[in-house]
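Okay, so chain A shows up in both of these, paired with chain B first and chain C after.
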Partner chain A sequence: MNALIIGQLAVSGALMGLVYALIAYGFQLTYATSKSINFGQGELVMVSAFFSLTLLDLGVPYALMVPGGLIFGALLGLLVERTGVRLALEEKSEGWVLLTIILGLFFFSAAENIWGRDDRPFPTPLSQNPVQVFGIDITRMEISVAVGVFAIMGLIELFKRRTLLGKAFEAVSADRDAAELMGISATRTVMLSYGLSGAVAALAGILVSPITTVGPTMASAMILKAFSVAVVAGLDSGFGVVLIGMILGALEGLASFYIGSGWREAPGLVLLILALAVRPTGVFGKAGIRKV
Partner chain B sequence: MLLVEDLHAGYGTSEVLTGLSLEVRAGTVVALIGANGAGKTTTMRAVSGALRPSRGRVVLDGRDVQGLDASRIARLGLAHAPEGRKVFGPLTVEDNLLLGAYARLPRFFGFRRRAKSDLDRIYELFPRLRERARQTAGTLSGGEQQMLAIGRALMANPKVMLLDEPSMGLAPVIVQEVFRTIRQLKEAGITLLLVEQFARSALEVADYAYVMERGRIAVHGTPAELHRDERVLSAYLG
Partner chain C sequence: MKRLLLIHGAELAVFALLAAVPLAVANPYALGLLTLLAIYGILLIGLDVTVGYLGQINLGHVAFLGLGAYAAGICLTRFGLGLFPALGVATGVGILLGGLLALPALRLEGPQFALATLSFTALSFTFLNEMESLTGGAQGLSLTRPPLFGHDLTPRAFFWLCTVLLAFVWLTMRNLLHSQWGRAFEALRDSAIATDAMGIGAYRHKVAAFALGSGLGGLAGGLYAFNFQYLQPQSFVYDLMVILLLGVVLGGRKSLWGAFVGASIVVLLPNLLSNRHVFLAVSGLGFLLALGSGARGLVRKTTRPFQALAPVVAMGLLVVGGLLVKNTEDWRKAIFALMLFSVVVGLPEGLMGFAARALTRLFRVAPSPLPAPSPLDDVLPLRVADGSAFLELEDLKRHFGGVKAVDGLSMTVRSGQIHGLIGPNGSGKSTAVNVISGLYPPTSGRMRLRGRPLGTGSLYRAAQSGLARTFQNLQLFGELTALENVMVALKGVYRSPIPLVLLGLAKGEERRARADGLALLDLLGLKDQARTRAKDLTYGDQRFLEIARALARKPDLLILDEPAAGLAHPDVQRLIQTIRRIHQRGIAMILIEHHMDVVSELCTLVTVLDGGRVIAEGSPDEVKRHPKVVEAYLGQAGPGDAASEPA
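On to the complex of A and B.
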């Protein structure tokens, strides 16, 4: 019986951890091309979730809401790149750190003003009946999280490996200047990475909202854990964030049950501190250390 | 084909190029030689747009290109095989070559088929690259990486190719192989601007040569003329 509880907590937690992994993957995408990340990524998750909810409120069918939300997220990503990142990078400054934080605050206030401060439920077309696997209940929403996360990461990895544009993306990641000499525009590649990263953030919001509800602060705890996952896994391994995300999610579920719900945030921070102390480049990372 | 007039460029406030002019005619190999620090690599970077020139003109096939982004200049037909080779280490040899032709291939699908004949041409020139096509470029030896950098630049079918220090850091046997390749490029009619530390070997393949000193051209002429110049002879060919 005890094993069943542990299994239940671990599996639910791990599936939730996939959302952290997906957000961390969004960090990796922009870090690869520009060595910058959007510190307001959590607000992108939240605003996109609100936007998608509004689409549903307006009567847009679920199947159209998802691509609509993704496109909206991609546009927000492009906006962040244009207003918060590009100028700083052109000046070879670290100003993007502050600028992306400020943009995040701006999105946060905008969301509060447009949609209010209350948490709202996010409808789902999925049935509430869980599926039983080896005695463990898995909700259909949790399954949709796993399907969505693996689908978008798989598609993006396929894009990077199979298309010439994707290879150009990898080339800019490897050597931006040399890529320019091949006729590849680094600026446009960075835009592409921010667009993809925004879409990924929007998908994270759409997948997690039916489980957590939608509200201005919905992503503030999530984003900290996504940071932890990105730091622990390293900023260049997609496989790494999935694995670390699931481990972290499982640990969280177990900690909140066995120690107390107040300890839910503890495993992420412990992992983060351990990783920074023992292996600052991340378990799967090979990138050099850079202070910002 | 390539005309450079009164080019000024530098890093920060220090000016490295102080009014450099040169010309590369279609179908010729032009060597740019000079001491370390004379500004040879800076010249290449300022021509290809990797470094933005502060003054002067760069004319590629009748078109002013100074001040454009490097990617734009590359798409207009200038291929720059940079100093230190700069191959894409994590990508395969074949992907590196395909990216060389990026400007004229479809972005999503069918690019491999479209590039087939060009790839075969490069593989014929460098059979070693065909053997290693699926390997990542980072695992190649220095000589193989140089071949890849040249092959990648050729994949663009460029109007002009810049080749910066292709022999740098290579064993003497490999250096000979590099110069054999350059001779093959010349026979194929490639328009080439070559920067080399091995001035003697460079002059053997070149149709015309420029000698740089402190950011500008000090002497220029055909290799035969330079060989008659006492000063060049003692300083660079001694």
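On to the complex of A and C.
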């Protein structure tokens, strides 16, 4: 009985952890090309979810809403890149940290005023009946999260390996200057990465909304955990974020049951600070040699 | 004199005005705002230490405000401590936890540092919320402001207390930040590697800066608790952190005035927004300013088009939005975001950075005059060189994976000698220097300095034991002036303990440091550039500044890593003269060089490396003729050209 509860908590937690992993994957995409991340990524998740909900309210069918939401997310990602990141990268400064925080603040306030401050339910075409595996209940929405996360990560990894544009992406990640000398536009590649990252954030919003409901603060707790996942796993390992995301999610489920739901966030944060102290480049990150 | 009068006069005027307001205005609401302004002033001065001086995005400051507030509150309600002891505890909590957090966060840069501090904010919120037995949890913690020396503190008296504390913090922090400590913080921001290599110590300064800033956060927290007399964990979350951070940036980094202006804006903004007319006036003014400065920047081509246009668009959005939206207060965050966006993009140095520049020009304030340089004999005393073995390397190896960058290097540098280290590209010269100076630990082998084992793997320890080095890829502290670059590295001048520095009683050593620094700049021919920022110097001068800075360590052994790389011919001559002069002071040197003429002219003994191993050693003329050296530089020697000179 006890083992069943633990199993149930761990599995639901781990599936939720996949959402953190997906958002963290969005950080990795932009970090790879530009060594920058969008500190307002949580707002992208939230605004895209609201936008998708509006599409549904307007009568757009579910199958069309998903691509619509993804495109909207990608456009927001491009907006963030243009207004918040490009200038700082050109000046080789860390101004992007502040500017992306500022843009996030703006998106948050805009969403609050356009869609209201209340949490709203997000409809799903899936039935509410859970599937039982070894006595553990798994909801269909949780399954859709897993499918969606693995599908988009798989597609993007395939894109990076199999297409010319994707190889340009990898080239800029490996060495920006050398790639530029080979005639690859680093600016466009960074744009591409921010667009992809925005789309990934939108998908995270669409997948998680039926579980958490949609509201201006829906992503504020999630984003912290996504940060933890990204840093603990390292900012350059797609496999790492999935693993760490699931572990963190499971830990969180167990902690909220055994210590109290208020402490839900604690394991992730402690894990993060510890991981940083021991391995600043992340568990799966590559340690560079200091050069002078 | 005029300069000091203006600066101190302005400070005095502001504090006098601030303190006099409650005499004229009896409105309790206005008094509350002013009190909050003083508290936030302290808070933002603390935040500026990490954000401005240390150059790190610190998202943990709000946690120290909260923890300090709760510490003071709990001391009061639980343990019945008085006002000042409670404030002391609040400050102590900030310093202690700040120092502790800095330890793991030490090795992190940029986004990782921001994330670690952000996690700390979230963690401390969870802690305050969940430790209900101690903090009251989400219910909050109520307290009553304690009396001071037996007298009840009226709001007005409490405001004066906060103002006095702000003035005290202001003065002590000005003393500290204008001393070696402030320079060291900035050096750390510009190059952590050079900070260690110059024996300044990246580790302790990063911890100190963080603990100091956090301590001020804790102090502000204590005052916050006594001001509101009611605490809730909800108040100390990421939202407030963003606003604080942006307050510092908006006001202007690395500036006490900037922190003050930032605090004023943070406190007054909600009130500006609630009045429609004031809001329209402010946004309209902002729009015109953005338009004016953008147009000027574009015409003079001093700004990029994006930098000129984006603020105009953002402020335009603000004006149009202000006309369309019914209740501007609902859009508070968006309005703040738009204003900040314009400032961060259009005025990266912040409002006070901009104002300071404009005012300096307006009043034609001359910088304070430089003192006369110290006599060189005082700065770099003559040493007796007896030619004894000084640095001994024995079978030194450093491998990177399968790459054997240094593979069994043995050499002896004698005191007072200029020892050349040459070899083709990739022969392991720079790696050898990096191992000797402590950047990399050796894979194996022994290093002895004056017969004693040399500590390995720490730039700082190597620097402490008397080594100084320059960097082939310059590692100057770009934002510091040439003089400050030398001053920050000076050895044996700064002896005052921190309390004396805080109270401004260490001005003597500061004067001495300035005079000593000038003497070294003079030696390198850089005296006229003393006030130029290092990043604005010409490339050649930057190379000379690296040497001046290394000499400030008063080293026994100076390692010059390709000092002539990229220098024009006249500068190469100047370099040779300079190295001669340094040699005359009895300092031993290792000279890594590609210019064979420089090596021939200066070195008494040359070691030649190839593939990480020593292939020849001897006088410059001997090694030039050595067949292995010729082969290493020119490939397999033919029968007739054994005497050809390596390039």
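One rule holds for everything that comes next: the second predicted complex is superposed on the first by the 286 of 292 C-alpha atoms of A that agree within 3 Å, B and C clash if a C-alpha of one lies under 4 Å from a C-alpha of the other, contacts with A are read in each partner's own complex, and residues count from 1 in each chain.
Note that a contact is a pair of C-beta atoms (placed from the backbone, for glycine too) under 8 Å apart; a residue touches a chain by one contact, two chains touch by 3 or more.
These numbers were taken from a predicted model, which means no experiment stands behind them.
Asks: Contact-wise, after the overlay, does A:113 reach chain B, chain C, both or neither (first, second, both, neither)?
Replies: A:113 contacts chain C only, not chain B.
Asks: After superposing on the shared chain, does chain C or chain B touch more chain A residues?
Replies: C
Asks: Touching A:284, do we find chain B (first), chain C (second), both, or neither?
Replies: After superposition on chain A, A:284 lies in contact with neither partner.
Asks: Go through the superposed model and pick first if A:194 touches only chain B, second if only chain C, both, or neither.
Replies: Once the two structures are laid over each other on A, A:194 reaches no partner at all.
Asks: In the superposed arrangement, which partner chain does A:25 touch: chain B (first), chain C (second), both, or neither?
Replies: neither
Asks: If you stack the two complexes on chain A, which partner ends up touching A:270: first (chain B), second (chain C), both, or neither?
Replies: second
Asks: By the touch definition at the top of the document, which applies to A:163: first (chain B), second (chain C), both, or neither?
Replies: first
Asks: In the superposed arrangement, does A:50 touch chain B (first), chain C (second), both or neither?
Replies: A:50 contacts neither chain B nor chain C.
Asks: Same chain A residues contacting chain B and chain C, which ones?
Replies: none
Asks: If we count contacts the way the header does, which residues on chain A are in touch with chain B in the complex?
Replies: Contacts found on chain A: 163-165, 167-168, 170-171, 173-175, 177-187.
Asks: Flag every residue of chain B that touches chain A in the complex, lowest number first.
Replies: Per the touch definition, chain B meets chain A at residues 48-50, 69-72, 74-75, 79-80, 82, 86-91, 95, 98-100, 102-103, 105-109, 111, 152, 156.
Asks: Using the touch definition up top, name the residues of chain C that touch chain A in the complex.
Replies: Spelled out, the residues of chain C in touch with chain A are 55, 57, 103-105, 107-108, 110-112, 114-116, 118-120, 122-123, 126, 129-130, 193, 238, 242, 245-246, 249, 304, 306-307, 310, 325, 330-338, 340-341, 344-345, 348, 400, 434, 439-440, 471-473, 475.
Asks: Within the complex, which stretch of chain A touches chain C?
Replies: Residues in contact with chain C: 31, 36-37, 39, 83, 86-87, 90, 94-95, 97-99, 101-103, 105-106, 108-110, 112-113, 220, 224, 227-228, 230-231, 260, 262-263, 265-266, 269-270, 272-274, 276-277, 280, 289-290, 292.
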